[in-house]
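Two complexes come next, and they have one chain in common, chain A, joined by chain B in the first and chain C in the second.
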Partner chain A sequence: MTASETKPRRATRALLTPDLPRFDAGDLDDATRAALAELLLTMADDEFVLGFWDSEWTGIAPMLEEDVAFSSMAQDEIGHARLLYEMLAQLTGTDADAIAFGRQPGEYRHCRLLDHPRTDWAFSVARRWLYDTADAVRLNALRHSTFAPLAEIVGKIRREEAYHLMHMDIWVRRLAGGGEEPRRRFERALARLWPDALTVFAPLASELRLIEAGILSTSMAELADRQVEQLTAILSSVGITIPGPRPSPAGGRDRATVSDSFRWLWTEFTMVHRLEEGATW
Partner chain B sequence: MTDDAARLGEGAEPDVWEVFRREKDGEPMRHAGNVRAPDAELAMHYAREFYSRRQESVRLWVVRRTEIHDVSDPDLLKPPLDRSFKKPGGYVMRDKLETARRRASGEDAGP
Partner chain C sequence: MVSVVPLEQAIWAALDDVKDPEIPQISVVDLGVVHRVEVGPGRVRVELLPTFIGCPAVDLMRVAVEERLRDFAPSVEATITFAEPWTSDRITERGRRHLREGGFAPPARGTGDDSPSASLPVFPVVACPYCGSLHTTLENAFGPTLCRAIHHCADCRQPFESFKTV
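Moving on to the complex of A and B:
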């Protein structure tokens, strides 16, 4: 008999993050619950997918210190995703791991901005900067949510995201002002991402219900306006012109149409889960 | 843009920054190690990632290594002549300490 057989294996599945406030999903009516579930899924998938994209830099970032910093920020996003998936699971009576790892690629609802391959460092910086600044606008519209457990976790997430924003701001200024090559690469990355720049604010099917219920304070269209103002101000402060006309928040594709690069990422991050579904680790 | 960023060209080596950390309130700042960074802003971020990523510090100091004044001259630190007369050996402190403690606690107003 081996040691592992004598000891009961710890069921990590049951270990929820202590940051998740307990709540009764029955307090919400069906329509509101469904609307909230849609919102949580898009937010969780955004954080989850960005976390995995950026973790691709682990071991190969421009320098060791940035490698550790960028990887740590990627882990933060997975942590936020975990919190949001667990809230969603509690809301819908399902399992967070099953939502995170048990879906087919086409069932993920991350925004189009996060549906591109890693590419070069400038591209990953541009993508994370566009996402973090947009996410900050979205979180700001949720911090006084009438759904108190959401307002509570958004408050905590915003405190971590403040550091991410500072870090990305440093990198945007460095790339924009760091000489010809970094600037050219950053501009090229922005141009490529620009059509998807506002897709964090792609309209949600049940957006109206969220606003009526006071869960979300402002419409996605209005949040997209705020993001355009913010991006214009930051880019002009570093002497970079907006790469093109204002893109549509809906982007060219909806959240359900995923790229081949995302399909590849999916095979990577679900690899262990698919080895033995339902296993306890 | 900072001056630091401007002076960094391609292939430039980032500076080394020494990091000090305080583990708990009331404890002294202790040397933690160092990070490489092109400017103070990134040095602070990297110090945070290396020395408080798991919430193990309440305060960090980051100092550019070239700003540190180094004292390592053996003639200053380990002079060659006998220095034993500067050591407190043979000097009995116990009674004096006891008196000082009593005085501090107000039991003895002193002479």
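Moving on to the complex of A and C:
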């Protein structure tokens, strides 16, 4: 028996206990700090919300392998969100749990692509594919970030996301080439999601500051261009035409009105927090 | 007088008692998650690299490391670092052998290329941990934990798991 087996275990930690090494952001001026905070919040909210939507498939995916795969990808996204919330909390002197669970639905800054409910399998595949490919473009623009703590975790996140990209690419090909019904459902899902397809790249209030500081390599508009190019190439390789004219990402994270679907999801994922604030589980 | 080096060696040896809670066949040392051991007057600090960011075992490993080292210094701290990404190439030869003995295929060797697609052999051919056959297929790139994938061996007709290449 080793010593570790004879000693009592420490109490269970909360989902969002700080896991991120302490960093020193003292050399960032206030404007840059605020700009970085906005970027981190949008990224964290995206990962968090998608993680919860896709965990909705746990137990009921159309096949066991996908039950495991979607649950696994959802777990990855929640993990990424956790780190990003912790980074934001350190940067702003706040608390990651409070940011993740303590806001009203209208205060979340995830993109509108992630406002849609899970719907059917083809829809969840189409949405995750649109998101993962966009996220890859965004992560690529952050990998040489001058804000070292962000560049470090982006390096790690990209390695995990490579599996998501591979998996979703297989599914896009499977649905597009899988006969009449899968293809029809996939095309219908794409058409419904298309107006929101570029909302990951909704311009940020102070993205110019981020670019000047070398935190982000280029503008959201430029990243949206790259995404359109990427989507067009993949869809044409499976014989599907882009569902419509290029949608505008503008306002893609505004939440003047909260969709019913997100309000429902928020009610679910904040339930424990609202029942007992500060609870650990 | 006791020099610092033997103490550090003793700490590494002790860390070898701490196993991955999800794959107890392999120690945190052989898994390559120990990034650094720092010994100072009255204190020991260990930095760990998480295998997967969302892996709940990371917290358990950190706690287990602190508990195992408790008697080495008044202040023992295990922290997480992302100073470099953990990759499956960090698993030692002994770790790969222990994985095989536990029925897990070790990960394919990475290419050393940093781009996400190049760093992954997309469909790595891994040898069956039971019969050694390379006549295997990837059933699911996702498995029961974030770091595991599911394969099938056409020769001994066994499903088996591998440690994911990342």
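Observations on the structure shown:
The rule is short, and it goes like this: the second predicted complex is superposed on the first by the 253 of 281 C-alpha atoms of A that agree within 3 Å, B and C clash if a C-alpha of one lies under 4 Å from a C-alpha of the other, contacts with A are read in each partner's own complex, and residues count from 1 in each chain.
Here, contacts are C-beta pairs under 8 Å (C-beta built on N, C-alpha and C of every residue); 3 or more make two chains touch, one makes a residue touch a chain.
Here the structure is a predicted model, which is why all the values come from computation and not from measurement.
When the shared chain is aligned, chain B and chain C each come close enough to touch A:167.
Within the superposed three-chain model, A:244 lies out of touch with both chain B and chain C [touch as defined at top].
When chain A is checked against chain B and against chain C, the one touching more of its residues turns out to be C. In the superposition on chain A, no contact is made by A:62 with either chain B or chain C. Once the two complexes are laid over each other on the shared chain, residue contacts for A:72 go to chain B and to chain C alike. When the two structures are aligned on the shared chain, A:179 is found in touch with chain B, with no touch to chain C. By the touch criterion stated above, A:278 is placed in contact with neither chain B nor chain C.
Using the contact criterion defined above for the overlaid structures, shared-chain residue A:155 touches chain C, although it does not reach chain B. Of the two partner chains placed by superposition, A:106 touches none, neither chain B nor chain C. On chain A, the patch touched by chain B and the patch touched by chain C overlap at residues 65, 68-69, 72, 163, 166-167. Chain A meets chain B in the complex at residues 63-66, 68-69, 72, 163, 166-167, 170, 173-174, 177-179, 181, 238. Residue ranges on chain C touching chain A, taken from their complex, read 17-18, 50, 52-55, 58-59, 63-64, 67-68, 70-71, 79-83, 85-87, 114, 116-117, 119-120, 122, 139-144, 146, 150, 164, 166. Only residues 1, 5-6, 8-10, 14, 35-38, 41-42, 45-46, 48-50, 53 of chain B touch chain A when the two sit together in their complex.
On the side of chain A, the complex with chain C involves touching residues 2-4, 7, 9-10, 13, 17, 19-21, 65, 68-69, 71-73, 75-80, 82-83, 136, 149, 152-153, 155-163, 165-167.
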